[in-house]
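Same chain, two partners: chain A is paired with chain B first, then with chain C.
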Partner chain A sequence: MASSSKTEQKKMLILKSSEEEEFEIEESIAVQSGTIKNMVEDDFTLIPLPNVDTETLIKIIKYMKKHGEKTKSNEKDIEEFDKEFVKKSFTELKELVLAANYLHITSLIDLLCQAFADRIKNKSVKAIREIFGIPNDFTPEEEAEVYEQHKWAHEEGKEHIDHSAY
Partner chain B sequence: MMRKKVEEVDDQNRPIDRLPFDLLAHIFALLTCFKDLAQTSAVCRKWRQGVKESLGRRERLSFSGWKVDDDSTTRLVLHAYSLKELDISRSRWGCQITDRGLYQLSTAKCISNLSSLSLWGTTGITDIGVVQLISRANSIQHLNIGGTFITDTSLFAIAGSCPHLKTIVLWGCRHVTENGLLALVNKCRKLESINAWGMRVTVDCFIGLLTISPALQIEPKGMLPNIAVF
Partner chain C sequence: MNTAAFSKRKMRSWRKSLSIPYEITFHILSHLPVKSLMRFKCISQFHNSLVSDKDFVNKHQSLSMTRPGRIKLTNKLKMVNPPFFILSILINSIDHNPITSNDFLEFVNGLFCLSTLHQPPVICNPSTREITSLPNIHVDRYSQCSLGYEPEEKIYKVLFVQLENTRIYSETYARNWVFTLGVDKSWKNIDNVLHFRRLKEGVCINGVIYMLNDYIWEKTVVEFDLKVHMGYQKIYMRF
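So, the complex of A and B:
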């Protein structure tokens, strides 16, 4: 029933978001996702993605299309694309990394995790909590213990740590 | 019409809490600075656990430049199960690592898988601690024990325990003699280079070493006169 992949016409897949919107994409590009690749091997052509909303799926498809065109000559171009790609709000990045994780797109997971790490770098604990919206759930004793264990890491560099969240 | 200024949150969870544990660990494993790791583990309980988990994925750990001691070093290395490269070299606060620290480190699971180790400039350690640690570091390929007070005893231990050794730095190891070097070169058959600057060893000794292993590089280049070995 499934057409041979050796035919002239490129094999297309349909990806369906959690909001039931459908997007057509070349199979050769879509299989950058390990999850989709597995489903294709099981002869699926309509791929339902109940964990990925439309907005996020559009961005993921954009990423896969760009990285699907990777050649030796456009490496710089793709680097620029990646740089711009992570310039998003924290919520968007979170949705993207969850989707990339579910879809098993290794290069995208790495890119997004690095973006998160970059946002944590050099920030004070207060600033990190503010940026990521995390409440402090340590008891005072636990908090003192944590600081005691890492005292040595605070003794390098400036006395006053940056508390601003930017 | 009032728009939600704050990001949407689930009933119980804050946004980032939705990130599964292994993603958090992946992110934390990318932090290169210890201060960042320290701040991160002070954010909340889940993150503290995430940092511990991420330590288990790290392949490289460097304490160089940090004011660490036996306990703080050991605490981190004990969790770093995947470690391949460990750098405990001297910081500007002087050496804080002692034989006790090396003894504690020798019990860490990762030591037998380490391929690279630097104890450069750690003047507080002696043969006792080094032998303890080295006898477990059987996969070591690159070893830097320059600037320390080790003697031939440590070299005999290295010769006996590190069959895969490729490079060794013995910079300024003034207590090491010809005997230690001979044992090393005789037993570590994969040894490619020795950094011997500042050692109290004669040129004849090096000629002897090159006779055993003609391809051996004695660093730094130019330290020895041109020696042709036929």
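So, the complex of A and C:
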């Protein structure tokens, strides 16, 4: 729709968290989420997000707002923001990555996955199971076999293995 | 008790037990170094098979190419002084003679193939420290062993060519075998329709092994298509 008006009427959307709290956001920023973009194309302005709780949604909106104003000059600034953004507990990161996945925000998924990878690479197997809630479905014999096959990976530099689940 | 806070905590602990979706696990793991991945195979059956999955390995490898600290290895290396520390350790760990300057080492898409006289070829993965001897096959001075990677099916195949009559002026009949890593239990013989004079070492490009048929008066390049597999060979060009 062509408009000769000089006033910029930015289209606003309302995002509703699973706890029914509503947040207003510019459409141009919200469409960084593929899921939201699809709903906008189907003419939604009130976007219910039953899979995202309020706390997580606030963080996501903060991310999208920061990345929405990306220009050539503030790249360093955004890099710093991203670095600080992932300094969160594993629980928070998990919530974020589930939400980012649901919302199809590619850059955020990439950022979070890289952050996870960096933080878990030296962790012990037990710690990983605890962090992600993964049950051990190996029998002791099976696990010993897999361990033996790649013993070097467990033995070499094992003093550097981090056993904490945080 | 604050009921709103309580139900919030209850929901959060329920959410905690929600498992990370497959794509996210795949994504996270593809950013990890190989050593961590080898350890994480012990996490669960799912992780064990995911780390070895062809598509995962492919994704991980392409991401590795973009990371700093990678080493670019040339395709063919003559072993003068064994330059690869890890390779030497691995070779010594199996029943194999130490590497000498008569040996031939080939590197294709992350795997080494070591050809030694009178011993079957050995395949080695320096990242995962895995090493395996191929099934017995007679290797002499007129054998030519070539490792290839077929990118569509994401599998490795070893082509073994044995020239029969080795008098330098005569054309000689060649016998060929192919071994598909992870699939075959023994070498598969392939009928050959071409004759060679002297075959020199091959190069694998995009699923096809090219070898030089080197003779005094003519040189030709022969190609062996790993995809078509049951041994289609042809003269590619004369020069």
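To be clear about the criterion, the second predicted complex is superposed on the first by the 132 of 166 C-alpha atoms of A that agree within 3 Å, B and C clash if a C-alpha of one lies under 4 Å from a C-alpha of the other, contacts with A are read in each partner's own complex, and residues count from 1 in each chain.
Everything that follows uses one rule, which is that contacts are C-beta pairs under 8 Å (C-beta built on N, C-alpha and C of every residue); 3 or more make two chains touch, one makes a residue touch a chain.
Keep in mind that what you see is a predicted model, and the values were worked out from it rather than measured.
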{"item": "Contacts of A:Asp53 with chain B and chain C, given as first, second, both or neither", "value": "second"}
{"item": "Touched partner set for A:Phe116, first chain B, second chain C, both or neither", "value": "both"}
{"item": "Chain C-contacting residues of chain A that also contact chain B", "value": "91, 94, 97-98, 101, 109, 113-114, 116-117, 120-122, 125, 128-129, 132-138, 142-143, 146-147, 149-150, 152-154, 156"}
{"item": "Chain C residues touching chain A - in the complex, by the definition given at the top", "value": "8, 11-12, 15-21, 23-24, 27-29, 31-33, 35-36, 38-48, 128-129"}
{"item": "Residue ranges of chain A touching chain B (in the complex, touch as defined)", "value": "90-91, 94, 97-98, 101, 109, 113-114, 116-117, 120-125, 128-129, 132-138, 142-143, 146-147, 149-150, 152-157"}
{"item": "Residues on chain B engaged by chain A in the complex (per definition of touch)", "value": "6-9, 14-20, 23, 26-28, 30-31, 33-45, 47-48, 65-69, 72, 75"}
{"item": "Residue ranges of chain A touching chain C (in the complex, touch as defined)", "value": "19, 53, 91, 94-95, 97-98, 101, 109-110, 113-114, 116-118, 120-122, 125, 128-129, 132-138, 142-143, 146-147, 149-150, 152-154, 156"}
